[in-house]
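Take a look at these structures.
Both of the next two complexes hold subunit A, though its partner changes from subunit B to subunit C.
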Partner chain A sequence: MRKLEVGYIDIHDIQFSNESKVENGVLFVDKEAIKKIVLEDENIKSCEVEIARPGESVRITPVKDVIEPRCKVEGQGGIFPGVISKVTTVGTGRTHALRGSAVVTTGKIVGFQEGIIDMTGEGAKYTPFSKTVNLVLVMNPIDGLKQHEHEYANRMAGLRVAAYLGELGKSVEPNEVVSYETYGVKEGMEKYPNLPRVGYVQMLQSQGLMHDTYVYGVDAKKIVPTIINPTEVMDGAILSGNCVSSCDKNPTYIHMNNPVVHDLFAQHGKTINFVGMIITNENVYLADKERSSNWTAELCEYLDLDGAIVSQEGFGNPDTDLIMNCKKISAKGIKTVIITDEYAGRDGTSQSLADADPSADAVVTGGNANELITLPKLDKVIGDLSPIDKIAGGFENNVLEDGTILVELQAITGATSEVGFNCLSAR
Partner chain B sequence: MKPTFKIVTNNPLVVRELTGQYTVEFVDGTYHDVLVALRDQIHKGHRLYSHPLSGSVKPNETPYKSVLISIKPQSLDMDSVEMIENSIVTCDKFPVKFPHMPDSMREDFQVIDATLLKGALSQILFE
Partner chain C sequence: MAKIRVVHYINQFFANIGGEEKADIKPELREGVVGPGAAFNQAFGDEAEIVATVICGDSYFNENLEEAKKTVIDMVKSQNADMFLAGPAFNAGRYGVACGTIADAVKKELGIPVLTGMYVENPGADMFKNSVYIVATKNSAAGMRDAVKKMAPLALKLAKGEKIGASAEEGYMPNGVRKNFFDTKRGSARAIDMLLKKLAGKEFVTEFPMPDFDRVAPNPAVKDIAHATIALVTSGGIVPKGNPDHIESSSASKYGKYDIEGVMDLTADTYETAHGGYDPVYANEDADRVLPVDILREYEKEGKIGKLHRYFYTTVGNGTAVKSAKGFADEFSKELKDANVDAVILTST
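Let's turn to the complex of A and B:
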């Protein structure tokens, strides 16, 4: 048996202070210490640090990543293995999380920009990160820095700051401790002989600049499908390097708190035997799609699964990977459910996916990313509002005279999350 | 070994950077025009090597598209036919977003398209 305990420390506010610490549910942050961590990278010229609280008239844009501060308390390895900590396998022992808080990175990497988090108003209803207290890093690169280096600098600074803040919770008594147990193949068979064997297939975005995901520091376009223990992701084994069309991309925060993983654990030993998790990629090269979907289906069969849940990341080209996975896993006699979102046009009447197959007969949707919503004018913008007509989901002249903004849902960070980390529902 | 694929693109950055190293076929037109040029060749037996809808920047939001296709026509590949036809349908769902695009933004879209293409090129071990 492998066990990870996660101690959740509830954070209800972040305040600047001359000492960084966690006390009575407040995360006190030494702003200068944060700046120093960010500016360790010589490619970052300057940095501002801001706080955005739920309910405040604040818009954060363009959002690059959202990260939950965590630290390892017991067990091997450290948080964000292969990137911030050594590459030791994680997912056992004890981890502390500063629940309710997040580090948000922002910066203008290319002309069209991604991601809006509104802390109040209509937009706040659609993003899960209007409910977290956010420490926002506004980073400015040195002149002439190329897009790739800029993206890297931005991504790494967010992780360094999240790891620093996470450490502040190391000796704090958590409000709740949840234990996640997984078993080897034989042990699980013996323990739950009568429960259906269910696995989770997570597809990772892996196409190129601002479309990448990292597994223990490895670019996911370079991996072949593999089995990962679902507790590993809670320690930051999977990291986001993608934010284009941010509604259905998984920021690092969502990887660490993946609802599919959590819901499967909630049923583990009761209605199902949660056998494990398979990660696969979504590459541009068609032979990669064939190889990865073949191999994913083989791994599902190898694990003797009765059922598989497949979550997609993104839209368009990944629809092909999704349908290939669904077809091939179903063909092995494994009941398959896919989780996706839709680009069904502003009126919702267009074909939702770019690919389809009769085997995709059990589909969960995160919502229609083309749906148009109106965001009110807010008092403060953290980041840069100027690219707002250029983000995916924005369009020319979408800022009206009274300051309200028309956007498609795809501009809102996490709005149509394909792992279900969102607020949309048909209820 | 000589590559068995070529690049069909309307992205001038790709033409500048990769001509000489690979066979590059320039389409002087829109995203839609690139897909149609691909479709015509696929109907003649060329085979798709990379996905025509790569990237999360939507068709017609980015004006640029670069796709890998086999140099030589073979027998008709139905998977390629289906993929390109579906891609054209999807592309036409998206209206052109920035009719008056500033040059700096144009360059950024070129860079993104080029990195997606290079991602596919880096994965080609044999063909």
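Let's turn to the complex of A and C:
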């Protein structure tokens, strides 16, 4: 048996202070210490640190990543292995999480596909990060920095700050401790002989050119499908490094709190035997797609799965990977459910996916990302509002005279989550 | 405020006139409610009222379609109706088809909101669910109470011009228009519920039924490439520097047509990409990487191709609805044909 205990420390506010610490559910932050951590990277010219609280009239944009502060308390390895900590395998022992808080990275736009987090109003209903107290890093790169280098600088700064803040919870008594237990193949069979064997196939965004995900520091383009213990992701083994449309990419926060993993654990030992997790990629070459989907289906069969949930990341090109996976896993006689989102046009009448197959008869949707929403004018913008017509989901003249903004849901960070983080759906 | 005026359409059976033997009766207009109308009126409360009921035999309607339609429409019109309600027809096939047909006709002719209800397997459902709102009911009249409970609130919303939510919320049959709504459970939990049902061999309902897919067979190869006019079309977003037509970085609402007469090479100073779905560094450095003008000019010179067409067409494929993309191509394909282009190189990213 492998066991990870996660101690959740509930954070209900973040405040600036001359000393960084966690006390009575408040995360106190030394702004200068944060700036120093960010500016360790010579590619970042300047950094501002701001706080955005639920309900405030604040808009954060263009949002690149969202990260939950965590730290390792017991057991081997450290948080964000292979990137911030050494590459030791994680997922056992004890981890503390500053639940309810998040680090958000923004500043000068990296690519086109960064998002919006509104802390109040219509937009707040759609993003999960209107409910977290956010420490926002507004970072500006040195002149002439290439976009992929800029992406790297922002990504790493966010992770460094999240790890720094996470450490503050190391000796704090958590509000809740949850134990996540997994078993080896034989042990699981013996323990739950009559429960259906269920696995989770997570497709990681790996289209390249700033559409990347990292597994223990390895670019997911370069992995072949593999088995990973679902508790490993809770320690930050999978990281977002991508600029896919913000509505359906998985920010690092979502990887750390993957809802499919959590909800499968909730059923583990009751209605199912949660056997494990397979990660695969979404490369753009056909041979890669074939190899990865073939191998994913083989691994599902190898684990003797009765059922599998497959989640996608991104849209369009990866729809083909999703359908290949679904088709091939189903062909092994394994009952399959897929989670995706839709691009059905603003009026909802277009074809939602770029690929289809009759075997995909059990689909959960995170909603139509093309649907338009109207965002109110808010008092404060953290970051830079000027790319609002250029980010994915924006369009020409989408800021109206009274300051309200029209965007497709695409532009809202985490809105149409394809790991099912939200209640949003479509019919 | 005055009550919303509703006209209700029912068949001979629900009007208590008779069964099959009376199915040939002609349309008849009666003041106020008849049969199931009473339950609707009750559900409408103070907001709406059935001012008249049209009764028509199912056989008559279906066998004298044009005449029946015209008569019923005139009857509805005479009542200054704000809303037209038909059925529910449950699993009665001819009644369902009549309800769908007349609801559709009233909507088109009179421009007022309409609503009907029937069982999902009623042939009228498939025929009309994409043109009018049809509430899914049980398969027999025993489900009347349930049907009224779903239909009355939706009828009021429609009559008042309120925003209509997703089919799952409002109870109408999915009509091909995808609409967002907040479910009670998050997606991951819904996926697990669905999987548990699938594993147990129980019935489950997918949230997105797979569409019939449009696959385009490639044309035969070009026979005489050395004399062919070749055009370039791309979904990779290559545009003249500055993106003069403001093609969106994602979910494009338009395409661009640009003159490349005399352009031998796309350079960083003259062209760029508007596409938001990939790292634009390499495309911006040299847009020929996505739209190979330079190579085609060489081929043109060497006589490997006849010539490069004077215009290229471009849009952004990223998150762009298939329907929009089809619309763009329908337009510019005609232009390409009119310009006697023999072949197109379509590049994607």
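Just so we're on the same page, the second predicted complex is superposed on the first by the 419 of 427 C-alpha atoms of A that agree within 3 Å, B and C clash if a C-alpha of one lies under 4 Å from a C-alpha of the other, contacts with A are read in each partner's own complex, and residues count from 1 in each chain.
The rule we apply is simple: a residue touches a chain if its C-beta (ideal position, glycine included) is under 8 Å from a C-beta of that chain, and two chains touch if they have at least 3 such contacts.
The structure displayed is predicted, hence computed values, not measured ones.
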item	value
Fit or clash between subunit C and subunit B when superposed on subunit A	clash
Touched partner set for A:G403, first subunit B, second subunit C, both or neither	neither
Touching partner for A:K289 - first (subunit B), second (subunit C), both, neither	first
Contacts of A:G184 with subunit B and subunit C, given as first, second, both or neither	neither
Subunit B versus subunit C as contact partner of A:G55, first or second or both or neither	neither
First, second, both or neither for A:G316, with subunit B first and subunit C second	both
Which of subunit B and subunit C A:P259 touches, first, second, both or neither	second
Which of subunit B and subunit C A:Y343 touches, first, second, both or neither	both
First, second, both or neither for A:K221, with subunit B first and subunit C second	first
Subunit B or subunit C, by number of subunit A residues touched	C
Contacts on subunit A seen with subunit B and repeated with subunit C across the two complexes	111-112, 147-148, 207-211, 244-245, 315-316, 343, 345, 350-351, 354-355, 390, 392, 395-396
Complex contacts: residues of subunit A adjacent to subunit B	110-112, 147-148, 205, 207-211, 221, 242, 244-245, 249, 283-289, 314-317, 320, 343, 345, 350-351, 354-355, 390, 392, 395-396
Residues of subunit B touching subunit A in the complex	48-51, 53-59, 61, 68, 83, 86-87, 89-90, 93, 97-100, 102, 104-105, 107-109, 111-112, 115-120, 122-124, 127
Contacting residues of subunit C [partner subunit A, same complex]	166-169, 174, 176-192, 194-196, 198-199, 204, 206-211, 213-214, 246, 248-251, 253, 275-282, 317-324
Of subunit A, residues touching subunit C in the complex	111-113, 125, 146-148, 196, 198, 207-211, 243-245, 259-260, 262-264, 267, 271-272, 306-309, 315-316, 335-337, 339-340, 342-358, 360-371, 390-396, 408-410, 417-427
